[in-house]
Amino acid sequence: MATTQINTTINGEDYTHEVEPRLLLVHYLREVAGLTGTHVGCETSLCGACTAIVDGQAVKTCTMLAVQADGADITTIEGLAQDGELHPIQEGFWERHGLQCGFCTPGMIVAAHQLLERNPSPTEEEIRHGLEGNFCRCTGYQHIVDAVQYAAEKMQG
Amino acid sequence: MQIKSDHTVSANRERVWEHLTDAELLSQCIPGCEELKATGGGTYEATIKVGVAGIKGTYKGTVRLENMQPPSAYRLMVEGKSTIGFLKGACDFRLEEAKPDETKVGLNGELAVGGKLARVGQRIIGSAAKMTIGQFFKQINKLAATDTDS
Amino acid sequence: MATMAGPSRLIGAPIKRREDPRLVQGLSHYVDDIKLVNMHHCTFLRSDYAHADIKSIDTEAAENLSGVVKVITGVDIQGKVGSIPCAAEIEGLKVPDHPALAVDRVRFVGEPIAAVVATDPYVARDALDLIEVEYDELPTVVDLDDAIESDSTVIYDEFGDNIAFTMPLDAGDVDAAFAEADHVVSQRFVNQRLIPNSIEPRGVLAEYLPGEGTLTVWSSTQVPHHLKTILSLLLDLPEQLVRVIAPEVGGGFGSKLNVYPEEAVVAYLATELRKPVKWIEKRSEGFTTTIHGRDQVDYVDMAVKNDGTITALRAKLLANMGAYHQLLTPIIPVLTYLMMPGAYKISNIKLELIGVFTNKMATDAYRGAGRPEATHIIERMVDLAAQKLGMDPKEIRFKNFPQPDEFPLEMATGVTYDSGNYQMSFNKALDTVDYANLRTRQAELRSQGRYLGIGVATYAEICGMGPSVGVAGGGWESSTVRIERTGKVTVLTGVSPHGQGQETSFAQIVADEYGISIDDIVVIHGDTGRQPQGIGTFGSRATAVGGAALIIATQQVKEKMAQIAAHMLEANVDDLVFEDGNIFVQGSPDSAVTFADVAATAHVAVNLPPDVEPGLEATHFFEPSNFTYPFGAHISIVEVDPETGEIDLQRYVAVDDCGNIINPLLVDGQVHGGIAQGLGQAMYEGAVYDENGQLLTGSFMDYAIPKATQVPRFETEHTTTPSPVNPLGVKGVGEAGTIASSPCLVNAVVDALSPFGVTDIDMPMTPNRVWQAIQDAQ
Amino acid sequence: MIASSFEYFAPTSVDEALSLLSEHGDDAKILAGGHSLIPAMKLRLAEPAVLIDIQRVEGLKGISESDGKLVIGALATHHELESSDLVNRTLPILAQTAGEIGDVQVRNKGTIGGSLSHADPAADWPATILALDADLKIVGSGGERVVKATDFFEELYTTALEADEILTEIHVSIPDGNTTGTYLKLHQVASGFALTGVAAVLSKSGDVCENIAVGITGVSDVPYRASEVESALAGRALTADNIAAAAEKAADGVDILEDIHASEAYRSNLAKVYTRRAIEGAAS
């Protein structure tokens, strides 16, 4: 089995591994790097549970090969809280009951992170549009919208 | 799924019949046909590589010709299987001489697909079948017309 | 006995969840996040055919693949893994053998045929493509109406037909009521098949320690205790040595209220290989082989008087079982049968419920489970009757509601509604939308060629799944409270939350009762090794039954604590107050003992009152006296674009009465999620099989669950009518949103399109369907 | 979820990519954003033996203006097109179309070149690219050629690209201030693909339509220009009646798709209604 060496930075730490070209980035994160906060919810690049930030872009890591991420700077859900302090989006999800089973939550939070980076004070419609690539089966999305609004306000100061 | 289409081949009916029922010629016309081996009684073992949109599968199965009424009608039965699913079809071919050296071929049949192919590919199977049949007749037309010319 | 000091501080408050910090940081562990040393990976080969005889299976090439440890087929486990069980007890029910791996025949697409174990999940997947199966295809049975015809292909030769069971009811004098009716309305309803799709797929990890003889199974399940018992029976292992852990579970909605072939096979493989074995469901497997929901065809007639009084209901209900029974498959339509009258007093009811086998995946409990079907039928029929009478949909409902003082109310179907005030919740909903003005606005818009629709649904549901006489496998629940030596409180519960938030709401209950900080309480669930007894989470029962067990256990321990505290304070037990972590005589907070001191005293056991034993722990098994019957009224406002059939859902108002509320934040979350799923059924979702039993909606590319842009902001309100059947007065709220919302939305769209002559529309109301309904009506 | 094994190459130049492509022929697939190919590979519907990842190829990225044309690199992502100031200023219909594709994560990674080369019959780009009369620059072992958008889409998932060719750039003329365009789409709710997508681009003088181009996707096996609509409206006043009458021809002569989401009759209706609304939108 031919392997390729890849180097990545994940949540500020450097990783180097030999991987099979077919290894999906999400499996690399979960099984090789041991970061299981990024989840797998579908096979067709729709549910968004596997969302992480790769070189500044929120992507579905189930639709990317680990070899494509060679040289990339990656942020996963585990990299958002700093020094034991929840990121304002994580705090928003907690404050506004933006999660129930929690399985979609890491991907949802990472997608919201991208959303607020591009649009710091989104309308409800913009929030819903920005989270279209993340399925939640529990919340009906309303408290997720509220959570993102909470975070937007907090991040604006 | 219903398969219904009409095709015009620029050759007389006997020649078209020959192309539609001869294993050697058929194998040249079926898109992706890698092997077509007569096993007797109008039955052929086939290996066909079908690919649309990079969805490629190598199907192994049988092609059987029934109800042969040369040169006007027959029924084609196809069964194939690959790791992504199976397909099974029965199609009546009707040949009519429209003009001298022009034959109308009418197809009327049913195609069933199963497995992953059906679960994730339903959107394109009808179109893919139509395209494959179109390519088949394009090739038949090419071969039959070339033969006529020669 | 000690009394509780002052008003509740936490019950009723919107306390944010204690589960969340780990979840928002990606630090929690779902089954797939658990790794064991030497763990092997399992994959399943599944049938591509809906109905076929298996002629041969060739596993040799797969076995020879490097990294493959074992390949097994149905024959290999015959006699070693028992038949997947069905817990339903219905007179005359036909229960087919359900092997964990098909042996000689497959009966639905996706049925497992072989299992591969490899050292690497990628290799396990590769091996599947190397297994060759030869089939002899059989004719398929997919359509409900066709399946019960006498000339239908029969799925089980031994049964002679495809009818799994029939259940008749003839209450009152239905024939007379129809004969005397001023109007009869009739309608056929299709309640389409749905695919639950929790975002976490199913998963199982099993480890067997041969020395100790213990089997530990981590499963994404709603019912770890049932799974423990059943696995011990299926694998013939001593139940005491089987432990099932439901770690973090990523949603279930009923689909994980089951025991699946994969759970049995993976557990078997772990015992056989003596290595940990893990299987994680792929979404495409979830679509075909995790239970489906709904799938009924209902033929209904309703007799009404000119004044709107509903005098009788007659229905034939065809319920699709699928090819096998899963744990509760036949029970689900029985709930439809029981709840046919909905929120109305109808004394003459004639029903024929027929469970039907087809070559499809089994149906079973999916959020609402049988009640959305009943509510759809009755709420659509009431609207059809109103339309026929030229009556406002509001008026006909008020006309047929029971009065609040009639509860408890025995219904014609044999159930007794516990408590209710349907007028109150409906009035609140009508006021919220300003109903009268809405109708005026609708008329104005119609004159401009715009089609606004107002949909109303009032409902009553059956919840709080207990008592045991009505719940297969037991309807009780068990909770344990233990006060540790340090004064910290451990709550162990048999309910198995997977998003509902009982780590928070149960702690609220205990904190209030003891007057201690919620931070001193830990709620443990989902582990049969720690909480040995339980039933699980389903049927909106966790708080109504498990919470009830908890409050009683909590009070039992409190009573003992009060005895010890009274001894320490030399006071009278009846005078004691538990407040702010202290226990003291009412009015004398200065001379208190701390909660922790009393806990220590109980454990040190040198200063106990006479006849009081050391330790502070109680377990209570709560058996409710009846189900609970939450109710409410939902109103939706839509505008339909008649040119394209697109529906613009402008407003959704839900007034739910789920009895007392422990945590309003969690209740609203449950209602939102429930409405979104009902809305999914009404507008987007539907499993489509072709005539050969092939599932055509086998991925999220073709099966639409609602996205953030596809649901509106919901307006939620509540009324509070406590249930008399449990000490908390709660009813349950997990399914309410799903139960009321699908008919509410269909009623709205039909109302919008009534000028075109549209009287009914099948779900999901896709733009194509809506457009076609307009074309057909014209 | 797990693809078959393949050999992976990550060339850094077009020449290197082309030589890999000719070396591996039919066994190879080009990987751009991967949002069509990787899902197909995970389901093993596609099992290419060789994957040529062109993401690191220089010169295929970016969006620029040159000689009155917008030059879009094949690797420009949908998000880049959606958010580019240059695109929003010169050809806002491209940004609008990009915004209708998939979801944020898909737009961050998916590329216009990948989408056009894949030629899904319900993809969004083809409608707009057709309506804008774009030129597609293709490079192969035999050199470079330019194909008109109208000649690019041949059959279901089949384009004018030969097996040894790569689409490198999309060129679109930047119109004058009189030209306006709109892309309107009805989403298939599950996949997000177009049940019908109509791009209308027109210029007018007063009320009169001077030029009009209508591209339609999702309706047939192959995206198409609604030439009957165009000829019915060109040179006529853009009145509601004229637009409606022209839009009635949106599906004329077209073989219409049918699937579980939309019947033939419904798609035909959608083509007409969405064409009318897209033209009205562009004309307003």
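Per-chain numbering from 1; labels A, B, C and D assigned in written order.
Please note the rule applied: contacts are C-beta pairs under 8 Å (C-beta built on N, C-alpha and C of every residue); 3 or more make two chains touch, one makes a residue touch a chain.
A quick note: this is a predicted structure, and the numbers were derived from the prediction, not measured.
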Quiz item: Measuring from the mean of all protein Cα atoms shown, which chain centre lies nearest?
Solution: C
Self-check item: Interchain centroid distance [CA atoms averaged], chain A/chain D, Å
Solution: 29
Quiz item: chain B to chain C: how many Å between their CA centres?
Solution: 49
Quiz item: Which positions in chain D touch two or more other chains at once?
Solution: 1-2, 4-5, 43-44, 190-191, 260-261
Exercise. Quick one: which residues in chain B touch 2 or more of the other chains?
Key: 83, 116, 120, 122-123
Practice problem: Note the residues in chain C that touch 2 or more other chains, in rising order. | Solution: 122, 129, 282-284, 696-697, 699-702, 707
Quiz item: According to the definition of touch, which chains form touching pairs?
Solution: A-C, A-D, B-C, B-D, C-D
Quiz item: Okay, in this complex, where on chain D does chain A touch?
Solution: 1-8, 10, 31, 34-35, 38-39, 41-43, 51, 53, 55, 79, 83, 102-106, 108-109, 190-192
Quiz prompt | chain A-facing residues of chain C, complex | solution = 16-17, 19-21, 23-30, 32-33, 122, 197-201, 248-251, 253, 280, 282-284, 498-501, 665-666, 668-669, 672-677, 699-701, 705-709, 711, 713-714, 737
Self-check item: Of chain A, residues touching chain C in the complex
Solution: 20, 22-23, 30, 35-44, 46-47, 49, 76-78, 80-81, 86, 90, 93-95, 97, 99-106, 109, 124, 127-129, 131-132, 134-145
Quiz item: Can you name the residues of chain B that touch chain D in the complex?
Solution: 52-57, 83-84, 116-117, 120-124, 126-128, 130-131, 134
Quiz item: For chain A, which residues are in contact with chain D within the complex?
Solution: 1-2, 4, 20-22, 24, 40, 43-46, 48, 51, 57-60, 62-65, 67-68, 70, 111, 114-115, 118, 130-134
